[in-house]
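Across the two complexes that follow, chain A remains constant while its partner is chain B and subsequently chain C.
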Partner chain A sequence: MQQWPSYPKAIGFCIVLRLLLALSLDLYLSPPSLDAYSSHNGDKVVQFINDGPGLLSASSPLTLYANLKESLWLYHHGIDPYGSGIGQSPLYLALSFFPSIVDHTPINSQILSKAFEYLLWTIPDAFSAWFLVKIWTARAPSSFKSSSSIAFLLPTIYLLSPYGILPFLARSTGVWENAVLLGAIAWACDHAPNFKSKSLLLLALRTHLSLDAFILLPPLILLLLGSPESMLAEPRPFALRAQFTVFRAAGSLVLEFMAYWSALTLISTLIVGHWRWMSATWGASLSLPSMTPNPGLWWYFFTEMFDHFRPFFLVVFNIHLLMYVAPICIKFQHDPLYALFILLGILATFKSYPTLSDHGLFIAFWAIFPEVYPYLRHPFPTFLVLLHSALLQPLFAHLWLSHGTGNANFYYASTLVGACAGGMAVVDAVWAGLRIAIEKAGKDVKEVVEGEEMVVVTQQ
Partner chain B sequence: MRLLSFALFLLLYLPLLSPSNASSQHTNNWAVLVCSSRYWFNYRHMANALGMYRTVKRLGIPDSNIILMLADDAACNSRNKFPGSVYANPGRHLDLYGENIEVDYRGYEVTVENFLRLLTGRLPDSFPRSKRLLTDSSSNIFIYLTGHGGNEFLKFQDNEEVSAHDIADAFHQMYEGGRYNEIFFMVDTCQANSMYSKFYSPGILATGSSVVGENSYSHENDYDIGVAVIDSYTHYVLEYMEKVNKTSRLTMADLFTSYDVPKIGSHPGIRSDLFERPLGPGNPDHPMSEYGWGKGWTVEGGGEWMGRESEGGKSARGFREALITDFFGGVVDVDVNNEDNDEFLHLFEYEDSECSPIPKTPLPPSSNKTHSSPATSLPSLFSLLDVLDSYPSLRPHLALTLLVALFVIVFGGVLSGRS
Partner chain C sequence: MLRTNLFLILLFLSSVICLNNTNEEFEENLTIKSLRDGRVTSSFSFKTLFRDAVPRDPRTLAFDDDESQHYTLFPLSLGQILRQYAITELHLTLNAGKWDYDAWGYPEESDVGVGAELRAWIAGNSTISIDERWEGVRNALAGLFCASLGSLDEQRTTSPHRSFPPEGGLPDWDLPHELRHASHASEHVCTENLTPFLKLLPCKSLSGLAMLLNPHRIFDADWHGIGLHVLWRPEGVEVRLNVQLVSDPLRISAQGKQDWSFHSLFDRKVERACSVAKSSRVCVELPSSGVYRVFPEPQEIRGRNAFYDLKDGSEAWDIGTMWPTDFEYPLSQPNPPLVPFSVRRNLLGATQDRGQLSIVVTNNQQDTLQLLYLETMPWIVQLYLHTIRVHSDDVPRGDLISNISYVLPVPHARPSTFECVLTLPPRSTLTVSMDVAKAFLRYTEHPPDAQRGWDLPPAIFTPLLPSSNGSTAVGSRVYTPSLLVDLATPDFSMPYNVIIFTCSVVAFIFGSVFNVLTRKFVIVRLNSPQNQPKDSREEPVDSKKSTS
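Up next, the complex of A and B:
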């Protein structure tokens, strides 16, 4: 068997490739010149991605690079960045500590600030890839070798897939959100000292950046109290000595999470100076103030409905996200990492402002559960529907917005197909995760009854 | 090699040698029709604009290329005996209001600011496409103003005035932004010729209804409606335009030589010195070269025509004549070039931000400032908030420090207990 390079080399190689791609695209689109006018052009790479292949999908209003820059500029000049009612988390405003990221006016600081920006968006992705490998090693330690093909392919595919590259080039803040979330999961899997606090702090940070991640708290707590190893084949009730101890342990973890969350809230309030940022950031995911089209399901629905019904449907859509948590956590209590994975899929499909980063995270996570692959009922149609939607979405967005020959229905139809793919993937994952148990149970039965030639028919 | 590069460098100047923009063929037509008066007694100005609108539409410019600015208070005025209609002739033969007119700026939206912003394109993003002049460098624009005016000003809605200098500057901004190929400017007010006297951008042909010091008069009253229904100058221009259809080869000189001073009641003027193309020979009975002379013209020195001297040289340069359908014709090719407009607008946006910096206002203080309880910890809280307000950069620095401290505490393992 050929010896694959180790995963740190893989990560380093992919990062270098990405930086080369970004730099060459940057040099091609905005050749360096000493003309003062060019510094006002904005970043041409971001514009190119946001008008081209990543139209509407690389960033949402909550993750847009232009919104980040605008809020940093406003904050730097003493104006309230949340005046418009929608904005990004105040923790990003702490970046105004580095003034070069706010203003690009002198030419030498332009180069420095560009280098700094590239660093700021590359490092989280490197960490994301490393966290993915950590999760993989924690899940299947017996079959893991440092130079096995999966350890090489996992970070490579994550870093070089279009779901990773487009948000990186568009400088969407979804890159940071993914890194933080993957860090939370990685530390929950990896039983290093003090791992629970690290994981909870990172999830608190992630929930601060985007409130939808709150639904990942229950499976994460189960993961912290359990183990990440693959227990799909052996379902058993979640028991940690006794039920009461389980609740007490979970309760203390929840309290710790709330403590970190309150600390971050206070820090955010300190940054901004008032409390209105909560309705602008968290309220934005809940109440949908911006109808900017995105690859999600909410915007079209809410543009079409009368205002009279808006509160009702907002409640419906939000509860739709919440209602999957309990059933999935109960059903997959023996394997909380799998529950987390399914909830990631639900989040990617049904949250209010999804972007390519969310879909990319869900797709990357599929690589961590190879034991379910034989039990998937329709992997190939799911993949084809996803491909169909992924290829048509930018095309229809382009037709609608740039060419003016299509209309919103084209784009929304391709989004619906994407949601169909997401739904198919989640349903298939649930099916396969439960199917393994039946298979294993069947094998157990077969082993017990050895005398008779009992053939357990398994359907695949 | 150097010689070759120098020759190539010279080639960059080749576009300067080419004929200027004005003689190049236009590809689309736009019309901006403005009635700057309101109230019932200015019914005739509404009828002027609506009559011109109907003519412009009949000759082929679609509603999407017409910006109609009216106060629009005549048709449904409670004094209107024929509600929902606006007529331009005493017999009420033709309802100009009809059922499918599109008024883009109505009522109190007809302001000087909106008019100038419409021309220059410096509108906020919230303005819809129907309210924008989406012209490009190959658009011919017909701009028609009517209302009450005076020497170098036009009164808008009885409230404010736009001066000839403002319009001239707006036209020059349009020229520099490549927002027109040629402009035909027609104005029907008192002392109208003063409105075009200040233009200085190339490619503009202008005509007005009366000289400085002279009034323009209404044409006819309708005794059932009770007010004057049309202005004299516009009436005769529209009457002439009825002879024009989409395929006419009638030149602008034919229009200008049709002016009949005894009938119109005032002395219309022309300005063509900024316009590069020849106006044409005119009516053979009273050709263009005799504009302003002959019977009916009583002004000394000939009827007012700025650019009479340069008219001869134009035909020598081989440009084709200006046809009426150049400005009133149908749309040949609509091409909205948004990227150029956006870059141009971005230039102006940044210049604005440098000229008028946003004042630095301190961030609002935290809402939990109370003056009631005299606990010992509160004075320190007050002073902390004051310090934070007076040093605005302290907030992110402090917050970043706290954030880093939190992460160091958790990740450094100081928080022991549960592992």
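Up next, the complex of A and C:
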């Protein structure tokens, strides 16, 4: 077997490559000049990404770097940043303790702030890649344990795919959200001391950054009580121990999560000084005050929705997201990590303000489940549909908003195709995750009756 | 006979009472000025003073019965609105065109922002809230003036009290007074607004200066606007109705001369004076140089102004000025701006999602100038204050902007209010720029002509003058022209299609996921019927793999 380099090397290599790319882009877009004030900070790269390849998709209004900086500036100048009814989590306001991110006037602080910015957006990505490898090593079935190729590929896919690079270059806070979520999952798989508390704390934090992570709580709790190891091939009911103990353990975990969540809520409220930030951050992802286009399905639907049906469909779309949680957790109770993976795909496809980071996370997670690959029904069509939508989205967004020759329908069509790709991937993942279970049984039968022809069918 | 005499006596007495009513005074005034570029500004002002009247105390709004309203000269329909909503001070202007401060100087009436602008000082602490009364008064005025003032709703209402201090006094009621201000740049002033306006005058347009208000000529002028101002002074409540226009005699004249007269400007003369007017004066501002003739002979000349009292004399008045030579546009000599500072405002950027707001202010004086800069942006354009960059003569000067106050916009609900103080060094040009994000609107929020874009209200610059007691007083306001912002539009023809497509995709994915989740996987042996499994539900199938 070919020897792959170890994963820390891979992560380091990818990070250096990304930094080189970012720096050369930065130098290309704003050559160093003495007029430091006019060539202000690293926003040129952010603008380039947000106007070019990442137009509309690299960040949503809830993860946009300009909105974060605006909140920090307003907070710094004593103006309530949540007055507009849409904003990012108050926890981000803690960044204003580093005044260099707000104020760029002197030249030396500019260079510092630029370095600081790169650091702020590189470290979470490095951690994300490391967490992914940790999740993989905790899960890897024994047959795959020997191969380190996945441990090498995982960071590469996550860090070097356009889904990872564009949000990083656009300084989307989705990078942070992914890192926190991956941390929560990695610790849930880890079974190190205090892993439950660490994991729940990080999930509570992730819920604060963006509310949609709430639906990941049930599979995460299953994961904390169960094991991350691949059990797809040998499904069995979850209740390993007596029912009562499981319920009590789950209840105490939920309570612990709520405690962290309330503490973070209290901290946020203390930072801002009022409770209205909740409607501006969480409420915004539920009620869609900004119709800014994104790769998701909500924006055009609610742009074109008749006014008197808007509240009804907002409720429908929100409940629709919740409806997947219980069935998927029940069906995949033997492998909660897989349930979590499918819910990540559902989120990336159906949440209100999805960005490339959400898609990137779902795509990177595919590498953790190599055992299901043989049972996928249509991986290649799914990939082609995804590619089609991924290539057309920036093009059509540009034609519509910058060039003025396309209209909204073009971009909408490409996001619709993207949603189809996401849906196909999720459906295929569900199929393969269930189909693999029959294989073991099939093999047993095969051993008994030599040379017999069989098919696997599904029945209602 | 006796009865007839009694009736005549009564009639006489009542007319004496009416004429000698000292409570109400009406004055009319017209100022005409020839401009540097050959145009002529005319500013009509009709002032009615209701002596010893006070605005209604909003605490009395709880009781239905208001004191009876008896007006002789004061417009009743307006008085009723003011009392019903207990408005202390009110300003309404409807203008069209761009006032060129550099070439025309300051206007006689300072509110020259394009479109409709309405602002009111309203006292609080009543059973009916300020916002309810604000809504009521703008709807009532919309009905009174046939203007779309109803669209000055909460999406356009701001409260920039620093830029708009009360012009009159505020009664000492121990109540908080609040300002409500709204402007709508796309509203066009038209004849249908002037007709109800003239009805508010005691002589209508039948006599006095109002005879000159010929709609054909007013709305033909390069710049025209009408205004209504109600304010309270210790001596009483004053209602000032004004009409301002900038006409171009060069355009009308066949010879290219800048001669003007009432007849040439308005196609009318003042046939008779308004009998109830206490004074009816015309002031002609004389040109500073050149040979000209003012006719008829002015009754009084003070400084550079010639005055006429239209109550003297009985013949029709046709005042005017004549020049012996053709007008030559002063191209050769430099044209220094007539105002202490000049402003340019632009919205830059080619894309429909982002842009840059740029303001260039030039200080034309030898002294440092302090300006209060007010921007009332609808929520569709979101300012990014962290990107504010201030340059003075291309040198970055972050210190020249101070006292920033900012009310954030609320999507679909509230505009933003941005106020700051700009300090302009002597003879310098200050550039302020900031990034803006353009919003994406719901399809029902777009106007019918969505591709045309949205008119943004004008920015307002108010010079802050150092006064004796250390504080600063505000000078004459300067309005910038409005801006047009190009917003991304959805496809208006396909709400059904979008709803159907999106719902189909969601339903399809939802259905597929649950289809797979609710299925049971079984093994079927094809070629060994003797080894059939015990499960009776399993049957041999011929197809290779069935998923349905």
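In the analysis below, the second predicted complex is superposed on the first by the 427 of 460 C-alpha atoms of A that agree within 3 Å, B and C clash if a C-alpha of one lies under 4 Å from a C-alpha of the other, contacts with A are read in each partner's own complex, and residues count from 1 in each chain.
What we mean here is this: contacts are C-beta pairs under 8 Å (C-beta built on N, C-alpha and C of every residue); 3 or more make two chains touch, one makes a residue touch a chain.
These figures come from a predicted structure and were not determined experimentally.
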| item | value |
| --- | --- |
| Superposed partners chain B and chain C on chain A - clash or fit | clash |
| Touched partner set for A:Phe306, first chain B, second chain C, both or neither | second |
| Which of chain B and chain C A:Leu91 touches, first, second, both or neither | first |
| Touched partner set for A:Phe244, first chain B, second chain C, both or neither | neither |
| First (chain B), second (chain C), both or neither touched by A:His77 | both |
| Which of chain B and chain C A:Phe380 touches, first, second, both or neither | neither |
| First, second, both or neither for A:Ala408, with chain B first and chain C second | second |
| Which superposed partner A:Leu201 touches (first chain B, second chain C, both, neither) | first |
| When both partners are placed on the shared chain, which of chain B and chain C touches more of chain A | C |
| Chain A positions touched by chain B in one structure and by chain C in the second | 37, 40, 77, 79-80 |
| Parts of chain A lying in touch with chain C, wherever the complex brings them together | 37-38, 40, 43, 50-51, 55-56, 66, 69-70, 72-74, 77, 79-81, 83-86, 102, 105, 289-293, 297, 299-307, 320, 323-324, 327-328, 331, 349-350, 377, 400-402, 404, 407-409, 412, 416, 419-420, 422-423, 426-427, 430-431, 434-435, 437-438, 441-442, 445, 449, 452-460 |
| Residues of chain A that touch chain B when the two form their complex | 37, 40, 75, 77-80, 91, 93-97, 193-198, 201, 252, 256, 260, 263-264, 267-275 |
| In the complex with chain A, residue positions of chain C that touch it | 350-354, 379, 382, 384-387, 389, 396, 398, 404, 406-413, 416, 435, 437, 439-444, 488-491, 494-495, 498-499, 501-502, 505-506, 508-510, 512-514, 516-528, 531, 537-538, 541, 544-547 |
| Chain B residues touching chain A - in the complex, by the definition given at the top | 346-347, 350, 358, 360-367, 388-389, 392, 395-400, 402-403, 406-407, 410-411, 413, 415-416, 418-419 |
